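What follows is chain A paired twice: with chain B in the first complex and chain C in the second.
Let's look at the complex of A and B:
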C-alpha cells in the first residue's frame, strides 16, 4: 500500500511538472505585445520596449527562462510577482486574497447540496416511480438540459425581483449578497447528487443480497440504511475530496455572473492580460488540487470499503 | 379402476404415458401421429431461415411507441427548422441592425416582435440568429466529439498495448479543468468559431472514449468474439459487426447529452468572452442583457424559453431513442 501511494505521488508530481512546463511554453508563444498596456504600446519606442522585455528576461531563450522559473520555485518557493493584475504584488498574495471567498461560497453550497441532494435521491429511490420521484427526475432533466447561464439568469431574476436580494456580490455586504451565488451553485449540484444517489440506490436495490436481506425479514428502513445506502454512497464518496478541494478554485461562471471577486475569473483575467506568473501559479494550483482530490478519493473509498484494494491484480480503476 | 393413458408415436404404436406426467407431455389427436412426414426437396433443405428482424426497423417501432418522445422530437424539429425561417421573415437584417436610442427597450409590439435591446436593435432577429448559430455549432461539435470518442474508445479498448498510453493521456488531460485549456487556446490561437469548435472537439472526446473503452473491454473477450477470432474474422469486422451494435444505445445517449451540453458550454465560453462576439450568440445576448433582466424581463424570457425548449426536447427525445436502440429491449 505504501509503495502504491509513493508511486502514485511520484506520478502526480510528473503530471504537474509536465502541465506547468507545457503552460509555461505556451505562454512564451504568445506575442509579447500583451506585456504592455495599450497606453504603453502607443507611447514607447521599439528600443524602449525591447529594453523592458530584456529587463524582464523575456528575450532570453525559452529553456533559460524555464530553468530560471524552476530554480526560483524550488530554492525560494517563489512564484514571482504579478505584473498586471495587482502590480508587483507576490503571486501567492494575489491568490491568497481571493481563494477565501471562493472557498466559503463553495463549501457552503457543497454542504447544502449534500444535505439536500442525497436525502432527496434516497427518497426518490425508495418511492421509485411515484409522484415525488417523477418531480425529482423532471428537475434533474431541467437542470441538465437548460444551459447553466440561462438557469442562473432565471434564479437571478426571480431572486432579485421577488425576494429583493442583491443581484451583485459586494464586499461591504457579503452575507445577503452571497445568497444568490450560493443558491445557483447549490441548485445545480443538488440535481447531480439527486441523480447519482438515486441511480446507485436503484442499482443496489436490484441486487441479490438486498433480496436476501428482505427475505430474512429485515425492515425496509434497516435494509435501506444498513445496506443500500452505504454501498450506494461509495461512488459519490470517491469524488467528495475532489469536490471539496476544488471549491478553492471557485466556479468561473457563477463568480463572473455575480461579480464575485473569487479565484474563478482570475485565470481568464490573468491570461488575457499576459500576467504569466499568475497564470502559472493558478494552473499549478488547479492541477495539484485536482490530482490530490482524485488521489484522496481513491484512498477514502479503501477506508470506507475494505473490499476495495488499489493494488493487486485488478489494478487501479 | 385405473386406466392407463396412452399416446401414439409416429409408428402408430401406442406408448403409455409415464406416471405423474403432466398434460403437456404429448397431446396428439387421437389416432393420429404426432408428426407428419415432409416431402424431401433439395431446395427446401438448402433454404436458410432468417426472421424478419431488422435492427433499425425495431428501433423505430420501439421509439414511436413512446408518444411523448415522438411529440418532443416533433417540437424539436419544428423549432430547428424555424430557426432557419425566422431570420428570413424578420423585418430587420441581423447583420445591419440600426442602433437607435429613441427605440431602446421597446416592449414587444407588431414591428419589434420580441421588442428591442438596450441599443434599440430588433431582438427577434438577434434571438433567432443566436439560436441558429448555437444549434449548428452544437450539432457539429457534438458529432465531432462523439465520432472521435468512439474511434479512440474502440482502439483504446481493443488494442491492449495502447491501453497504457491512452490511460495516461486521459489522466493528463482530465486532471486539469478544461476551462484552462480553452482559455489558453482562445487567447493564444484565436477566438474564432472554428478554432473554438475544434478545441471543444479535441477536449470533449474523453468522456465518450472512456465509456466506450469500458464497454469494449466487457465485450471483447466474450466467447462469441473468441470464436469469431478463431475463425479468422478480421479485427475491423469484429469491431464493427460484433461489438459496435452493443454500443449504439450508449452512443445515442451520449449524443443526446452532448448537444445540450455543447450549447451550454458555448454559452459559457461566449459569456466569458472566450469566443468570437461579432455575430449575436446566446452567450452575448445574455451577457448584454445581464443588467437589464430585472427591469425588462422579456430580454431574458424569449432567448431562455427558446433555447430551453430546444435542449429539453432534444434531451428527452434522445433518451427515449437511446432506450429504443438497445437491442435488449427489442422483441
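Let's look at the complex of A and C:
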C-alpha cells in the first residue's frame, strides 16, 4: 500500500508540474498588451509600457521566467504577488482570504445534498415508477433543464421579497445572508445525488444476486440496505473526497450572483485581467485538490469494499 | 391658459420639493459597484483607474477639491495663489489635520512635507513603476530629471545615458533608488516647503495648475508612515494598513463583497462637510442584480439598463414609472475617430477607405449628413438629445472669466447657434447631399469605388455592442445611402487593442476621453500631428502614418492653432478663445466627430445636483454634502433640482 501511495504521489507531482508549466507557457504566449488595461494603453507612452513590462520581468526569455517562478516556489514557497486583482499583495494572501468562505458554504451545501439527495434517490429507486419517483424525476429534469441563473433568480425573488432574506452575502451577517447561496448550491447537487443514487440503485436491483436474495426469502428492507445500497453507494463514495476538496473552489455562478467573496470567480477574473501569478497559483491549487481527491476516493472505496485492492494482481484498480 | 398651466405645474413641483424637504435624510447610504469595478490598489499614487480613485478620494485629502458646481474649492489647502502669474504656485495648508489608521487612532500630524514624500514617490521609478509620472513630469521643474535619475539608478547606468537595448534592472540599483529620501529630490525638483506652505515651480506659467492639485499625482503620503511600513509596505498597502486623512476611513472591507466607509473620527473639517454615518458599497454582478437589490430596499439608487428603462418607461402603471430621473453627465466626451491608415486583414493597405476618408468633402458629408438620434437613444432612450455633444472637449472642463463654458465658445466659433438641444441640429441634408456629390466626383477620379466599406469592430460576445452596431448600420444606410457607404460590422475575440487597433483594421473607433485637469489642452493635445504624446493621433487616427497631403495640411494647421493657444498664459480668455478656434477648425474639417455624453437614467434617493461634480480629475465620488431622501425622488423632484441648479 505504501508503495502504491508513493507511486501515486510521484505521478501526482509530475501531473501538477506539467499542468502548471503548460499554463505558465500558455500565459506567456499571450501578447504583452494584455498586461495593461485599456486605460493604461491610452495613457502610457511606449517607453513607460516597456519599463513596466521589464520591471515585471515579462520581457525576459520564457525559460528564464519559468526558472525564476520555480526557484521562488521551491526555495521560498513564494507564489509571487498579484499584479492586478489586489496589486502587490502576496498571491497566497489573495487566495487564502477566499478559501475559507467557499469551503464553508460548499461543505454545508454538500452535507445538505447528501442528507437530502441520497435518501430521496433511495426512495425513488425503492418506489420506482410511482408518484414519488415521478416527482423526483420532474425535479431533477427541472433543475438540469432550466438555466441555473433562472432558478437562482427565482430563489432570490422568493427568498428576498417574500421571506425578507438578504439578497447578497455579507460578512457582517453571514448566517442569514448564506441561506440563499447555500440553497442555490444545494438545489443543483441534491438533484445530482438523487439522480445518481437512483440510477445505481436501479442498476443493482436488476442484478442476479438481488433476484437470488429475494428468492431465498430476504425481506425487501434487508435486500435494499444490506446489498443494494452498499453496492450502489460505492461509485458515489469514490468521488466524495473529490467533491469535498473541490468545495474550496467555490461556484463561479452562485458566488458571482450573491457576491460571495469566495474562490469561485477568482480564476476567470485573474485570466481576464492577465494576473498571471494568481492564475498559476489557482491552477496549481485546483490540480492538487483534484488529484488528491481522486486518490483519497480510491483509498476510501478499499475501506468500504474490502474486495477491492489497489495493489496485487487480482482485483487491482 | 398656458401661463395658468405652467403656474399650476410650478406650484405642484414646489409642493413636491417641499414635501421632500420634510422627509428624512439617509444617514446610512447603501450604494453599489459592478464587480468588475473592484478596487485593485489602495495606494493612491499608484492607481490610474477610476475604480480605485473613486474610493481613495474619500480616504485621503488632496490640496483642493470640487464642489457640486464643479468649481475648485479648498480642501487640505485653505488657500492658494500664484505670485508670478502662474509659474509658481503656493498652497497654504489648514492646521489640525491628522493621519489616522482605519480604526481612527491618531498616527501623525498632516504636514507640508507629506506632499514632498507624495511627489517623490510618484517620480521615483523604483517606487511607483512609472505610474502617474507624465503630468508632474511635464509641469514641474526638475520632475522629469528626477524620474530619469531614479530610472538610471534602478538600471545601474550613468544618469543621462541612453538605456541600452535589453537592459535589465540592477538589484542594487533598485535598492538604492528605493532608499532615496527627500535630499536628492529637493536638490533636483523645484518644490519647497515653508512652514505650512507648499510651493511648486512650473516649467511655464500654467493657469490650470490648481486643478492638477485635485489629482492623485499631487496627493500626500505621510513620511512617518513610509518610515514605519517601508517602500514595499506602501506598495502593498491595504485598507487596514493605510493611514487616512480624508473624511472617511474604511471600517470593513471584503474583496468582491462590500466596503464600509465610516466618518473619520476627529476629522479636521467635520463641521465643514456633511457626511453619512456610514456608506456601504456592495459589489454586484450586473445592473439586473442592482435593480433587484434596489427593489428590495437594499440600495438607495440604481442606474438602469436599457431593458429595465424600457419596461418602466413604457408602462405607466409600473411602480417606478414616476420615479425615473436622468443622471448628470460623466466626465467623458465621446467621439467618432476616423482611422486614416486602415489595413486589410492580410496587412495590405485599404486604399479605398484611406483615399475616401482623406477627402474633406467625404468627411464633411458624414458630419452634416448623419442624424445621430437613434444612436444617441442607445445611451439615453427617453431623452437622446440630452446626450448631444457638439464639441470635442468635455462640458464644464473650463470656464472663462465671464462664466461662459469653453464648449459654448467652440459652438460659437462653429456658428452652432441652436436654440436648445431638442433635435439633432447638426444635420443639414442639402449641404450633405452637395458634399456627397462632390466627394463621389473627386474620389471616383482617384479610383475609389462605391460604396466605400466602413469596417467597424465589436467584441463578438457583446450583445449590447451588437445592437448598437445594428443601429449604426441602419443610420449610415438611411442617411448616407447604401450607394455611398457600406457599414460593415466585424468582430474581435477579447482585446480591441491587440486584435484591431494595432493591426489597424477598423475604419471607425468610438472612444471617450475624460480630462485629468481643467484645460482644453488635455483634450486637444491628444489629436495633434507629429506629437508622440498625442494619444488619439498615435493610437486611433494613425494620422502620422497617413500620406494624403491635403489631410496632413489640415492636421498641421489644427496643430499650429493648438500650439498657438498653448502658449497664451497671461490671458485666460484669450487662451480659451484660441483653443476654441483650433477645436472648431478640427470639427469643421471633420477630422474627428464629437458624438455624445454619457447621461443615463436612474432611480435614486440622492439629489444628483448636490453631489460633488467634476468634469476632470478624481473628486466626483466624494461622499460629502450629499442631499438625500429616505423615499425615492420622483421625476418632477429631480427636474426641480435641475432647474434650481441651472438658474
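Keep this in mind: the second predicted complex is superposed on the first by the 297 of 317 C-alpha atoms of A that agree within 3 Å, B and C clash if a C-alpha of one lies under 4 Å from a C-alpha of the other, contacts with A are read in each partner's own complex, and residues count from 1 in each chain.
Keep in mind that, in the parts below, a residue touches a chain if its C-beta (ideal position, glycine included) is under 8 Å from a C-beta of that chain, and two chains touch if they have at least 3 such contacts.
These numbers come from a predicted model, not from an experiment.
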| item | value |
| --- | --- |
| Chain C versus chain B on the shared chain A, clash or fit after superposition | clash |
| Which of chain B and chain C A:29 touches, first, second, both or neither | first |
| First, second, both or neither for A:303, with chain B first and chain C second | neither |
| Which superposed partner A:291 touches (first chain B, second chain C, both, neither) | first |
| Partner chain in contact with A:156 - chain B first, chain C second, else both or neither | both |
| Which of chain B and chain C A:148 touches, first, second, both or neither | first |
| Partner chain in contact with A:166 - chain B first, chain C second, else both or neither | second |
| Contacts of A:131 with chain B and chain C, given as first, second, both or neither | neither |
| Contacts of A:98 with chain B and chain C, given as first, second, both or neither | second |
| Touched partner set for A:88, first chain B, second chain C, both or neither | second |
| Overlapping segment of chain B (options 38-46, 74-82 or 110-118) - the one that collides with chain C in the superposed model | 110-118 |
| Common interface positions of chain A, toward chain B and toward chain C | 153, 156-157, 160-161, 167, 256-257, 265 |
| Chain A-touching residues of chain C, taken from the complex the two chains share | 35, 38, 40-41, 43, 46, 48-49, 125, 129-130, 133-134, 151, 166-169, 232, 235-236, 238, 252, 254-258, 260, 282-285, 289, 292-293, 295-296, 298, 495-498, 502, 532-533, 535, 539 |
| Touch list for chain B against partner chain A, complex | 171-172, 175-177, 179-180, 183-184, 187-188, 257, 260, 263-264, 267-268, 271-274, 282-283, 286, 290, 293-294, 297, 300, 303-304, 307-308, 311-312, 314-316 |
| Residues of chain A touching chain B in the complex | 15, 18-19, 23, 26, 29-30, 141-142, 144-150, 153-154, 156-157, 160-161, 167, 246, 249, 252-253, 256-257, 265, 267-268, 271-272, 283, 286-287, 290-291, 294 |
| Touch list for chain A against partner chain C, complex | 31, 33-34, 37-45, 48, 51-52, 54-55, 59-60, 81, 84-90, 94, 97-98, 153, 156-157, 160-161, 166-172, 256-257, 259-261, 265 |
